[in-house]
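I have a structure I would like to understand better, so I am pasting it below and will then ask my questions one at a time.
In order of appearance the chains are A, B, C and D, and numbering begins at 1 in each one.
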Amino acid sequence: MTKANKRKIFNDPVYGFITIPFDFILDVIDHPWFQRLRRIKQLGMTHMVYPGALHTRFHHALGAMHLVNEAIEVIRSKGHPISPEEAEGVTLAILLHDIGHGPFSHALEHSIVSNIKHEQLSLMFMQALNKQFNGKLTLAIKIFSNTYKKKFLHQLVSGQLDMDRLDYLKRDSFYTGVSEGVVGSDRIIKMLHVYKDQLVVEEKGIYSIEKFIVARRLMYWQVYLHKTVLAAELMLVNILKRAKYLAEKNIQLFCTEALHQFLYHTYTYTDFKNNYNLLNDFAQLDDYDIMCSVKAWTTHKDFVLSKLCTDFLNRKLFKVELSPKHFDKNELLKLKKQVAAKHNLSLTDSSYFVLTETIENNAYNPENDKINLVFKNGSIIDITQASDNFNISAISKPVKKYVLAMVRI
Amino acid sequence: MTKANKRKIFNDPVYGFITIPFDFILDVIDHPWFQRLRRIKQLGMTHMVYPGALHTRFHHALGAMHLVNEAIEVIRSKGHPISPEEAEGVTLAILLHDIGHGPFSHALEHSIVSNIKHEQLSLMFMQALNKQFNGKLTLAIKIFSNTYKKKFLHQLVSGQLDMDRLDYLKRDSFYTGVSEGVVGSDRIIKMLHVYKDQLVVEEKGIYSIEKFIVARRLMYWQVYLHKTVLAAELMLVNILKRAKYLAEKNIQLFCTEALHQFLYHTYTYTDFKNNYNLLNDFAQLDDYDIMCSVKAWTTHKDFVLSKLCTDFLNRKLFKVELSPKHFDKNELLKLKKQVAAKHNLSLTDSSYFVLTETIENNAYNPENDKINLVFKNGSIIDITQASDNFNISAISKPVKKYVLAMVRI
Amino acid sequence: MTKANKRKIFNDPVYGFITIPFDFILDVIDHPWFQRLRRIKQLGMTHMVYPGALHTRFHHALGAMHLVNEAIEVIRSKGHPISPEEAEGVTLAILLHDIGHGPFSHALEHSIVSNIKHEQLSLMFMQALNKQFNGKLTLAIKIFSNTYKKKFLHQLVSGQLDMDRLDYLKRDSFYTGVSEGVVGSDRIIKMLHVYKDQLVVEEKGIYSIEKFIVARRLMYWQVYLHKTVLAAELMLVNILKRAKYLAEKNIQLFCTEALHQFLYHTYTYTDFKNNYNLLNDFAQLDDYDIMCSVKAWTTHKDFVLSKLCTDFLNRKLFKVELSPKHFDKNELLKLKKQVAAKHNLSLTDSSYFVLTETIENNAYNPENDKINLVFKNGSIIDITQASDNFNISAISKPVKKYVLAMVRI
Amino acid sequence: MTKANKRKIFNDPVYGFITIPFDFILDVIDHPWFQRLRRIKQLGMTHMVYPGALHTRFHHALGAMHLVNEAIEVIRSKGHPISPEEAEGVTLAILLHDIGHGPFSHALEHSIVSNIKHEQLSLMFMQALNKQFNGKLTLAIKIFSNTYKKKFLHQLVSGQLDMDRLDYLKRDSFYTGVSEGVVGSDRIIKMLHVYKDQLVVEEKGIYSIEKFIVARRLMYWQVYLHKTVLAAELMLVNILKRAKYLAEKNIQLFCTEALHQFLYHTYTYTDFKNNYNLLNDFAQLDDYDIMCSVKAWTTHKDFVLSKLCTDFLNRKLFKVELSPKHFDKNELLKLKKQVAAKHNLSLTDSSYFVLTETIENNAYNPENDKINLVFKNGSIIDITQASDNFNISAISKPVKKYVLAMVRI
């Protein structure tokens, strides 16, 4: 009976069950660096608007792995061999594609760890794991960094229609309850094909792809760039910026050890490259470090920090306005002065409470990478060209909006 | 315990439960003319492609009634009074909006009952029921025919965003299994509002509406105008045309009594208006009359009829090609000649096996009637203007395609 | 691109997609005898109570096939080889296990075709197909009739936990909307194992099995033996009995050709065995023959027949009472006399309007065949013994009820 | 447009949308004490086994509120008036029924706050809120503590079939992905009735109730008492016990302020009663305090603490065995000695790594409170008596199991 008992299955409200396809994958999942993803929410503070959105990067990584395995089966069944080694490689690549994310990644990258991207960290983590596991991730790293000969394997991990994207759209819409964002991942995967080493979609999948892009756009406006979600995120960015500012002035702050290190020092990409321990230190950080510090800071003597933290924690969030054009600088200055006056702040400090940002919703950007359809006659056409009206090419134009966020007065 | 037991509940896989809101509604549902809708499939022969698409006009009518009742509750909660009489009226209007449909409506209207529309028949049925029920449907008829003062009630029954459309899109996508067509009816209804006696949608519902229109477009191409669905429908049209042709030549055909009457006579709108019995005769027709005659005709001595019926029944369906432009007449003639030669037919008769058609997918046509959004400042804007890019106005352009359908040779 | 286009996919609201695993399977599906299952509803007249219950034996057969293929994959992954030939065999066996069903099977077997079981007909159909397809179904027939060496393959097709049962429970609960009957087929299949050539369930599946049995019991009382469903079924039985009775007296009845043959003649098992054409004639019968005749008979001059048919069609169904003990004979006689008096009938004829029946709900009967659990230590225990309380063995006791059905007076 | 914009709607993956029925409810939800429930997971460490089980007490409270409002509507429609004040009262009572829960409630109550129950704290919170809101919760408190005249309102909040239970079963099965635990809350609520001031279920709901009890039992074994869930919970209990032990010895521990207070002091029910601030201090505690301290303690110099925390965090969980009878004391001692030897521990300290527990699964206990069915003739019968076999009364017998949990050696 042994074999049955070793094959680990994860329950997943989204797909039902997720099976681990290779024994080695389980070793990687069991690694503390990967387990840590259980403590990092996929959507940061989005749960302040959508209370169900508490799913983690751990679950998303498993979900994306599940879709890659379905895609492998479909592609094989259409006559494109994928060896067991390649299957394991692409599975590991997708599983680890987000391992470099810190807690509240967006906020963190705009405050504390501002000069290094999560993709770079993911690669470093994979390389470090490769050492620990005696080279077993070599092929995965090649696929992840697109240096492996079969390019379509990389496209499954990273591209306009990768399994990462399919899973997060489906998972995010599931947990937020925004059912309109649900993507027909089943159908899209069944329509995948490989043509001249490119991942393509069969002709009859055109409407599914169109719907996928529209759903993605909808998720952007309704979830990722939702006004109140932006408000919470911008507050957290400012909280961390202020904490960093105070740390630089050597003012004492309650901190977990892991957060202390990154608050009181500033590390560069090179520091990480040269110092394996630093990576491990970074791997100690998770949502708990941030939130428990924010909670402690509600009583800090610095007014800016404690006010931001208290409002954030009790969900007295910034008011957010969106506009198609730049906000007027004089208007902004007036608002800052109002806030400064009310709370007895310097004009500089009032910037923590009145700020502007730019957001962009780019549901499908054919300039980077295309979604290609393959027709029965063998021709390959980009979805914007193939669709029977201007719809997709219309959506392909990115939409930029200007954000004004400020404390409620 | 009586009250609880009178309030009838229908199980519905789509919404869970459908409650009958007024006792009189149940009397109408129990009427044989309405019960007959249990025997008329909503999507005709679509189940030949999507085997689950067997749902009936009966279930759809109950579903649309359910949504109207949810919409009434939402609109009332936003400060727009709807009296119990008006609520019953609009409920009856939506319940009966499709009662004029015959079996395989599209096919029937293109062959046997070609000069009268189902909307006209629906109105006649409602008027006849009104007599039988002593005027209890007077208000419903006013709402249905848009002569009642509160125009928004009519818009719930018939308009760009009526509850008919919301239910059929949701129901059709549910039963076909084309999950991408699923519409967020819940959210859309929650966003309904009334402004200057117009049904409008709150500003924040904009992406849901956009998604609704895209889903509708997708359902057109993927289901309603699916090649193989068209093939089956066009075959049935030709079967009924041929049967009518033979009947006009007084050739004997196996027939149910109800079908016999409409096959061997041709009635006009005026005939129906002047003859109450004719309406009742029409109400005897359902899917069983058509299909059981088609089955019998598989052995008819007329080759055209029996060949069409046999192929249809055993799912040897026409081959269908779609094109953005007219098919060449000479090409068509050549094909007809081929078929005529193969089956030893006259060129005229070969037209039953080679034919062309035009189809149009008009997901949202603002020329007829608009979907209006209301903004916080009180302004009203058509969705094509309000959307943040060209997307909706792109979709609003109807797409025409040309169809060539022919027997497989 | 050819390979991708040949692999046919069916949409299914229950599982999403059903893939045809072998090319030959598609040839069998395309056969008119199998296509006919598209016109036979799985649950007969149940849709009179649950309007969504219109799914066909065609769709169920595809669904059961889908589950068998999932089971094959699971069993293989646990180290039990199943050859491609065996996989195709068991797939064909499950696909065709119900092909012997006539329309409204239960009603038909209690009236017109009363001396031959559908399992016998299924086998005959399979044998006839085997001839037509040059022996390609030989292995399937062995598995179906349990003469193949690997017994567990037969158990997948027919047993206490076969894929037939899993699919119909899931499908019936889905389409009726009785969501409580939904079975965790995914989980049960993942827990399947083979031990000493027996299909068994892993220990940790115990609660899923318990739930499966409870769900089955619930479906019996709530759907299969629902009072109003019984009423409709018993009326149809009596309609067909009366028609048969009139036919035997050589009274003319509107009839489709196929129905005529079985109404005006009585065939035995041997007749079928000796006459291949008879099987083909039987294959012409479907729901349309029955319902369209019932509709015609509403105006037949025989009062018993026309009254039954009219009431049936317009859903004026029998009143049904259930009781744990026999109904009193004198009471019954009194009721029959009442009905006879009211409608001016002989006492004999009144039996068409007042009748009794016995029903039994046997959710799990370990006397026939057991559901066995396999424990980590390798021991095998029947579910009734393994469950941690009396629950399952309690359910295993069949429940008998007595039915009184009669016309409303 | 104002009215529409004030009526707040929450997205919920389980029910779609949750509407706030009264304006005052939103004030209570906005209170920091209630917002804190956003940071307390409903199922503690269950997500270590079911990664989706991250839903919070906040979401559950909203869900239970939603069900209460559906129940109110059903009960009213059956002729039992419930005034708007009563509706608001019962809504507030269910919303706040769990507000007394601390983080990882089970673990906390077995370690740090061991002498006071969460129900008592809930009541104190409600009383304190009542003061803050000038008596607006008086009726809610009466209903919650069952001193209001209409007893059935209390039963909606707390009883064998309360809305709390319905929501948590449904929500827990949804987020764990254990779809077999899903309860037909819709149907059960539709079957609710009030008879002699008792909440009862209509006769025809009997199978739904049976299914509800079986689903509850399944959730106990499969989720709440799942071996690995027990392992994680028992480790957390021991971590907190050890921390408390060290605190009592005045050894320094990294701590959030809120946790520090409850770790370094021991409070009684009377302390809480007499000190309003203590309640507010308790309200500062949430999952973040516990987890972030556990993380810090992984490097504490106390071996017992750091070993437990490190293993816990990296998911090296205790091995758990279940048995129907007591574990042998000598056997236990032997195991403790093994552990003591391996890690160089005193025998006393080895008890942190080898321990026993008792668990009980009592799906339905008619001794406390019954689920009553009302029959058409007006009689009321307990479900165990009404069910047509021994099933329910079998399930009603509680099942006790003995647990042995220990570190892996």
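General remarks:
The criterion applied here is as follows: a contact is a pair of C-beta atoms (placed from the backbone, for glycine too) under 8 Å apart; a residue touches a chain by one contact, two chains touch by 3 or more.
Just so it is clear, the structure is predicted and the values come from calculations on it, not from any experiment.
Looking at chain A and chain D, the chains in contact with each of them are B, C. The chain with its Cα centroid farthest from the Cα centroid of chain C is A. More contacting C-beta pairs link the chains of A-B than the other of the two pairs B-D and A-B. With centres taken as mean Cα positions, chain C sits 32 Å from chain B. With centres set at the average Cα position, the gap from chain B to chain D is 49 Å. With centres defined as mean CA coordinates, chain B is found 44 Å away from chain A. For chain C, residues that reach two or more other chains under the stated contact definition are 16-17, 179, 186-187.
Interface of chain D with chain A (complex): residues 10-14, 16-17, 30, 32, 35, 38-39, 47-48, 50-52, 54-56, 58-59, 62, 174-179, 254, 256-258, 284, 286-289, 291-292, 295-296, 299, 313-315.
Across the complex, chain A meets chain B through its residues 179-180, 182, 184, 187, 207-208, 210-211, 214-215, 217-218, 221-222, 324, 388-391, 394-395, 397, 399. Chain C makes touch with chain A in their complex at residues 1, 3-5, 7, 9, 16-17, 77-79, 186-187, 190, 193, 202, 374, 376, 378.
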